[in-house]
Amino acid sequence: MAELTHFNNQNRAKMVDVTNKSITSRFAIATGKIKMQHETILRIQEGKIKKGDVLAVAQVAGIMAAKQTSQLIPMCHLIPLTGVDIHFEDDNSTTITVTTKVKTKHVTGVEIEALLAAQTSLLTIYDMCKAIDRGMIITDVHLVEKDGGKSGHFKFD
Amino acid sequence: MAELTHFNNQNRAKMVDVTNKSITSRFAIATGKIKMQHETILRIQEGKIKKGDVLAVAQVAGIMAAKQTSQLIPMCHLIPLTGVDIHFEDDNSTTITVTTKVKTKHVTGVEIEALLAAQTSLLTIYDMCKAIDRGMIITDVHLVEKDGGKSGHFKFD
Amino acid sequence: MAELTHFNNQNRAKMVDVTNKSITSRFAIATGKIKMQHETILRIQEGKIKKGDVLAVAQVAGIMAAKQTSQLIPMCHLIPLTGVDIHFEDDNSTTITVTTKVKTKHVTGVEIEALLAAQTSLLTIYDMCKAIDRGMIITDVHLVEKDGGKSGHFKFD
Amino acid sequence: MAELTHFNNQNRAKMVDVTNKSITSRFAIATGKIKMQHETILRIQEGKIKKGDVLAVAQVAGIMAAKQTSQLIPMCHLIPLTGVDIHFEDDNSTTITVTTKVKTKHVTGVEIEALLAAQTSLLTIYDMCKAIDRGMIITDVHLVEKDGGKSGHFKFD
Amino acid sequence: MAELTHFNNQNRAKMVDVTNKSITSRFAIATGKIKMQHETILRIQEGKIKKGDVLAVAQVAGIMAAKQTSQLIPMCHLIPLTGVDIHFEDDNSTTITVTTKVKTKHVTGVEIEALLAAQTSLLTIYDMCKAIDRGMIITDVHLVEKDGGKSGHFKFD
Amino acid sequence: MAELTHFNNQNRAKMVDVTNKSITSRFAIATGKIKMQHETILRIQEGKIKKGDVLAVAQVAGIMAAKQTSQLIPMCHLIPLTGVDIHFEDDNSTTITVTTKVKTKHVTGVEIEALLAAQTSLLTIYDMCKAIDRGMIITDVHLVEKDGGKSGHFKFD
């Protein structure tokens, strides 16, 4: 197994040097779920029909968070993103799944951006529904797929 | 079941009006886990002994994220936090658990701050170890307990 | 007419000292308009019925901007806002009007927060429709009303 | 008329995918006005001679805002700007006009950056003079000209 | 000598708990110097008379930095500042001294805010003059005086 | 001696136009010191052995600050950094020296990023130790070396 790359010769954290890596097209897809009471998901679904749309706010939050990744995750490089998209699905009567796709043309990948977008979308759902359901659980947040760069293609299984 | 509180009479999102709520001492405790390969957790544990300390970076990231909550979660109020602390435990050979505690003396609670601190700490671990393990899963992120304010005490069960 | 208050004895800008001002309930209401082609407003209106909702994004942008006022406007104090709400109206076939209301309980007012929320909502509309209409004009942005604090009530006329 | 480009197949907002667009030199020029009492503009003009210079602060605010565009306007791409300049003119006895010019060499344009710089400069003038004139109006904010990229040259008329 | 207060029982950093500290009026005064070539200081002094004013930009930068302290210094509490002022003096033919004063009415002090304002003002001078003098030195940055809170009055000597 | 480059024809500050400068590999190395009581440095050194590690937090703070340079220093361009590393040394019984190295492949240099990382690391040490030593002095902050770009190589002497 390879070594952790984020430490210097004083054994303290550094931002990994990517100066000489090639610019390539890259994308990352991440996912995550939020589990809630059946009543809560009904409220969210109603919102899409006639009341305020929780997921529209969660969508905006996720996209904006992707752009702030390098300010939240200490060793992340700032990456000018070229595309961010987010989808929600009601898997069943108690779970909403988010899927995020982030793209760039840069020297390093956007896995963390995709994961942060997923986490932030889910936490926004929590925030907007917490008055009726404080016990919601954010779970199964992971990378689904990524491509581009030296490490190549990855698919979660 | 109560109504969602974050929508106005045009059915669009608003920041809930808390002008007339009382200032009280409040805290929130949140938790979350990251699952990884056994090899990965060994690398992190070694770091605490002789190499760079992944969890020290995750700790700082979580604390700083708590302070940025209102910039990431659209309908969150900015809250001057009076304390943030974070603990990590190696539950077993493949999981690290984070527990965050956030405190304030303010008109609204800090549940989202505690949850965001947990999420960000876990994502920082992912970021710093992703070169050796891209399949890590962030999971079981939820509120553990909160107290203070009109809605009173909550304990997850 | 009173003097400008934002300058020190070296004739350079300062953040005005409000240490000894009283905490009172305050609000500010601001407004602004964006003028566009009739075709453009039709696209936005369609969005509210069956396609993506431009105004839902503008709403979130305005609320989040209000919270960032002190980072954009150099001499503004950071103010923990206690409520932000935004409404849109289609005045006629070529204009959308935004009205923002911001509240706080603090030592200084929230006029700038309300105005920035209005400006940012309108600019978000511009951004999301610019592919079809680059000639849109943001106009008539002003304070409508404010109350609270030593300077008391103000109403635009 | 073309379709709005910022929506995905769930009819929610996305950041438009510009991964495959070409890097070209681009600029955008925007303008806007603030109308005030004659007394207020006299105070600002005096400041340029012997007291604090309101417009120097507004200048800095506009330039810094241009760099924060992607954090305020939800669907904007982060763009490394290569130049920002701002000019003010006293059109007449009650109006100050700002003109902003923003440049980049990137895959997408800087219209929003130029408009945000204009808006923020004008709001900073409002902020610094509001103690003497709360009725000021920010108006006629629009794109003047832009060039570069697939959509080519645009001139407001 | 007292213990360092910023560590928890896992020996990792925490934000110190100030929930039960009293709100009092507080201020902090900090200072710092930048040493440069005589030619450089002449250019800056000319600017105050007939060209662009480096110190006006440094002033704005210092004030805005004070407001961002909690986002830069990991264990700092966010503090709503009630006043920030900055003065510059040309000590002699090669040195500019900055003095910053920051005020608040809060549960914890503003020493770091005053120091960060001083550092940022000085670095802004460096940035704006670096094309003509890369060897400038920022030096003697320290707290001058602070008052308020449990630890009381401090004066540097 | 050359002219200051950051002013426009209205003698106000601008962000210098670098649109037509070449992309080259660049680095900057900066340094700075913090002087403290002998007791204070002992506390920090103990921390590296058995208690919380002040310098680990200062390291993270410095790296994150480098990424925020364009938001703090008004006329700085946003630069996607490709590497940041920081080292600390205990020069003697009362001084800690920080050395920062920042890299990029961009149209303009990273001197300010390296200097800001140094300043922020040192201020974080101050913050975490101020409870035991308020009289610490941050001093001798300067550029050590830089390379890349039209102005070529610089070495402090």
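First chain written, first letter: the chains are A, B, C, D, E and F, and each begins at residue 1.
The rule is simple: a residue touches a chain if its C-beta (ideal position, glycine included) is under 8 Å from a C-beta of that chain, and two chains touch if they have at least 3 such contacts.
Keep in mind that this is a model prediction, so the values were computed, not measured.
Peer 1: Can you list every chain in contact with both chain A and chain E?
Peer 2: Touching chain A and chain E alike, sorted by label: B, C, D, F.
Peer 1: In contact with chain A and with chain F at once: which chains are those? Just list them.
Peer 2: Joint contacts, listed by label: B, D.
Peer 1: If I rank A-B and A-C by number of C-beta contact pairs, which comes first?
Peer 2: Of the two interfaces, A-B and A-C, more C-beta pairs touch across A-B.
Peer 1: From the mean C-alpha coordinate of chain A to that of chain D, what's the distance rounded to whole Å?
Peer 2: Centres of chain A and chain D (C-alpha means) sit 31 Å apart.
Peer 1: Where the centres are mean C-alpha positions, what is the separation of chain B from chain F, in Å?
Peer 2: So the centroids are 30 Å from each other.
Peer 1: Residues of chain F touching 2+ other chains?
Peer 2: 8, 12-13, 53, 56-57, 60-61, 64, 68, 71, 74-75, 78, 80
Peer 1: How would one label the connectivity among the chains shown: line, ring, star, complete, or other?
Peer 2: Drawn as a graph, the chains match no named shape, so other.
Peer 1: Which residues of chain B touch chain A in the complex?
Peer 2: 1-8, 11-13, 32, 39, 43, 47, 50-54, 56-57, 60-61, 64-65, 68, 71-76, 111-112, 115-116, 119-120, 123-124, 126-132, 134-143, 146, 151, 154, 156-157
Peer 1: Report the residues of chain C in contact with chain B in the complex, numbered from low to high.
Peer 2: Where chain C meets chain B, its residues are 25, 55-56, 59-60, 63-64, 66-68, 78, 80-88, 103-105.
Peer 1: Okay, in this complex, where on chain C does chain E touch?
Peer 2: For chain C paired with chain E, touching residues are 8, 10, 12-21, 70-71, 74-75, 77-80, 106-107.
Peer 1: What does chain F use to touch chain B in their complex?
Peer 2: Interface residues on chain F, with respect to chain B: 53, 56-57, 60-61, 64.
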